[in-house]
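In the two assemblies presented below, subunit A is common to both, partnered first by subunit B and then by subunit C.
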Partner chain A sequence: MRRSAGLLLLLLPLAALVALPHVLPRFHTYVAAIVLLTALLATSLNLAIGYTGLYQFGHAVFYGVGAYGTALMLTRSGMPAPVAFLVGPLAAAALSLVMGLICIRLSKLYFGMLQISLGSLVWAVVYRWYSFTGGDDGIHGIPLPDAIASPKGSYYFTLAVTALCVFAMHRIVRSPFGKVIQGIRDNPVRAAAIGVDVRLHQLASLVIAGFFGGVAGSLFVVVENSVFPDMMFWTFSLEVLIMCLLGGMYTYFGPLVGASLIVLLRVFASVHTQYWGLILGTILTLVIIFLPDGVLGLFARRSLTKEDRGA
Partner chain B sequence: MDFAANLFSTGTLSQILVGLSRTTILFIVSSGMSLILGVLRIPNVAHGSLYMIGAFVAWTVIQFLGGGLFAFLAALVVAPLIVAAVGFVLERGFFSYLYEREHLMLLLLTFSFALILGDLVKIVWGPEYRSVTVPAFFQGSAEIFGLPLPWYNLFLLIVGPCIAVFLWLVINKTNLGKIARAAAVDGEMVGAVGINVGWIFAFTFVLGSFLAGLGGALIAPMVNISLGMDHSLIMEAFLIVIIGGLGNMWGALLGSLIFGLTQSLGILVWPQFGIAFPYLAVVAVLVVRPRGLLRSTW
Partner chain C sequence: MLRVESVVKSFGGFKAVDGVNLHVGAGEIVAVIGPNGAGKTTLFHLLTGHLSPDSGRILFKGKEIGGLSPHVICRRGITRSFQVVNIFPRLSVFENVQIAVLSRERKTFRIFSPVKGMAEEEVHRILRSVALFDQRDVESDLLSHGDKKVLEIAVALSGNPELLILDEPTAGMAPEETERCIRLIRKLSEESGLTILFCEHDIALVFEIANRIMVMVRGATVVQGSGEEVRRNSEVQSAYLGESGEC
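Let's turn to the complex of A and B:
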């Protein structure tokens, strides 16, 4: 009974999203695609920060590397497009593994700062390597396969991939592995005491989060047709963190909601004002003071405990 | 001199001196941040905004007084004081209620203040670049080992150690400093012996903000004062504090030296990727010493 209701709750928005490009004008379809891929990005970050409890402060780097990996493959290699779309996320996952190996020994704030530092290193290289990455101009006019080059095509591609990834991550979170990382988040010492390899699980979670962050970056290439170094700057990492916080870090769909809210707000605020920082800062301040569990956290707290009791 | 000329090219030596004057600014700003981190346990992202406000206020003061040495010195006093006042409002208005929150929340809260302050600066001063000319008194260069070094850089090289000594005296020789250090270790216990910890925290935050403002005022003649100068600095200050050891003032000095020198020498070694070297140094330090070079107060 509960399962079918949940399925309906999932299928209805999905159906609405499929119908979207037929109803909305072109610009709004584009915005919807950005919302989707940003939601995927925030959800992937939440895997590391909400579910594993690691201070992932440099998540935008994996997003950026995924995007650059795909963009560079599409523009510079003769490889077919599907390879390019695999290389981006895999590069992000590989970077995530390397950075994870360096950072994992540190805890909390130190972990986050070392990650930001490594991320800034990547950013600095991308920002200055004009001959390869296009430097601070980025790469524009990336050639795409015809099927996903049109606005509608890119939207449906984004929707399909996002839905698939969000579903996959949901399965991961619900799997025994997902339970173990949540156990580590709640009490690493106890988890280690019952024989869990804490570092290994944390590392795996980082790599998974990096991979899906990279997927979001590849989708950005499809929707935007360009990449630029600012998408991996640390301020954007914190902005994605804000999305997670706004939606609710300890809920699965919270970051999705938070990302949608922030992206939509940003698009519609930019029409009326140039003071986006003021708006975002004020919202964030209010959320931290009054809604530390996020928007969904408010509703989810009760149902979550009920669910856990049932399980 | 020949020996020195052989060992170092003149470029290297002058680059080191430039790096050292940059170190001064980094030290002044990051020591303030370190102080706040050490005593209040707040990773204050808005520290960079305070530094930016310091630079803009210094510009306004110099503009208002019509330039010259006196106007510049007045700016060096007024700008940090105004920034300290902003810090006081932030601490008493917001942070004092939120000390128990976890660090992640505090970091994001200060980030939101950074966003707000950034836009407020845009509203007050507009989006244009501002620049302050070096007062006539500091123009021209001194000769050091036969190399020209701008007087202003020399001035910074003198100011830096003075601030370090001043901070050392405040923290180690005054009652206030001793109480603040005690509060950093165990705030509750300090409160239990009848000391108003809240005001100690406020004092620390105000002192830290003062230093941020001073850093901003001191850098004003050297760079274009612009929006966004907070973003580039704050990350550097954070990393300096981290590699030095959280809350350790001498660590902030050491970190600033590493950062300033790798930055200026990196540009010499490999101009294109010069900006990557400090980050590389930070990674190297943290891989070898994960908790920073010197003992942290955490």
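Let's turn to the complex of A and C:
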């Protein structure tokens, strides 16, 4: 009974998302695609921060490297498009491994600060290397295969890949590996004392998070047809972090909700004001004070206390 | 099984452990006692890899284990509980034991098979043996203090250890909880022949269940022997038992 209700809760929005481009105008379809890939990005960050307890403060770098990897392959190599879409996420995963090896020796905030520093280094290289990355102009007019070049095509591609990735990560957090990283998050000392190699599992989790962050970046290329260095700047990392906080870090679908809210708010706020940072800051403050567990975390807690009362 | 030879560990200028000798034979229950600050917990941290010794040898089944990482020592067959409750608070009772079993079976890198139901039989058996089966779906943070300590022992047991180290297993427990914990320790030793090393402040309890006792004062071993030998030792009487006025 409960299971079928859950399935319905999953299938209804999915059906709505499939129908969306036929109902909404083109601009809204584009916004919906951005919402989807940002939701994927936030969910991938949550794997590291919510499920493994690592202070992943530079996640946008993997998003950016995924995007640039795909964009550069599409514009500068003669390789077929599917290869380009694999190279982006794999490059992000590789960078995540290298940065992870360096940062993992530090704990908590120090891990986060070092990650921001290394991420900024990558950003600076991309920002300055005009001959290769296009510098602060970025890369525009990226050629895409015909099937995903149209607005509807790119939307459905984004929807399919996002759904697949969100499903895959859902499997991962419910696997033995997923349980163990949650154990590490809760209590690394205890995890080591039951024979778990803590750093190795943390590193694996970082690589997985980096990979899916890179997938989100590749999707950005599809939807936007361009890439620019700002998408890997550290301030965007924090924005993704706020999405996780807003939606609820300890729930699987929380970051997805948080990402949707923030992206929609940004799109519609930017019509009226250019002070987006001010709005974001206000949201963050309110979330910290009133919703420490995020939007979904609040619902989860409500239903938990209801069950307790019932028992 | 376990042999500790003149191990030293200092923090800055303070020698927390200063020449400890300890011998634990297979199947024994050995207790470490000593006043607060004698270095009991530091010694246990050295045995399980949470600290590395400055000098001296720690041999487990004839092999040096001093300075290895905790997860490696666990895989060699030593698991432990901590003085302050140390469990996975956001996971359920079942999951706490389950991930310890999965870790022992080296299944922690399976990323696509669902964890639900994995190793269920064994986890249920362990939870029944410590009488936590009825609370298996409770988030472990919500357990009572005594149940948490018992759960931690269950987690340590899930690694199928040859040597179980318990750092003050009954600390902070109500009397009836203490009673239950003692029965559990006895049962483990009798039924599965598990070797147990523990430290404890409750002297009566120590003399009740330990085969042999090691007394530590200011980081050093004073004596190790049977309860009777320890009682008779004059140094122990003046240094430790004397001040509590017992025995």
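Note that the second predicted complex is superposed on the first by the 301 of 311 C-alpha atoms of A that agree within 3 Å, B and C clash if a C-alpha of one lies under 4 Å from a C-alpha of the other, contacts with A are read in each partner's own complex, and residues count from 1 in each chain.
Just so it is clear, contacts are C-beta pairs under 8 Å (C-beta built on N, C-alpha and C of every residue); 3 or more make two chains touch, one makes a residue touch a chain.
Keep in mind that this is a model prediction, so the values were computed, not measured.
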Touched subunit A residues, subunit B compared with subunit C: B
Partner chain in contact with A:V267 - subunit B first, subunit C second, else both or neither: neither
First, second, both or neither for A:A94, with subunit B first and subunit C second: neither
Which superposed partner A:L278 touches (first subunit B, second subunit C, both, neither): first
Touched partner set for A:P292, first subunit B, second subunit C, both or neither: first
First, second, both or neither for A:V18, with subunit B first and subunit C second: neither
Subunit B versus subunit C as contact partner of A:A204, first or second or both or neither: second
Residue ranges of subunit A touching subunit C (in the complex, touch as defined): 168, 171-172, 174-180, 182-183, 185-187, 189-198, 201, 204, 208, 250
Interface residues, subunit B side, partner subunit A - complex: 43, 45, 94, 98, 101, 103-105, 107-109, 111-116, 118-120, 122-123, 231, 235, 238-239, 242, 246, 272-273, 275-276, 279-280, 282-283, 286-287, 290-291
Of all residues in subunit A, those that touch subunit B in their complex: 49, 55, 102, 105-106, 108-110, 113-114, 116-118, 120-121, 124-125, 127-130, 233-235, 238, 241-242, 245, 274-278, 280-285, 288-289, 292
Touching residues (chain side subunit C, partner subunit A) in the complex: 48-50, 69-71, 74-75, 79-80, 82, 86-91, 95, 98-100, 102-104, 107-116, 118, 155-156, 158-159
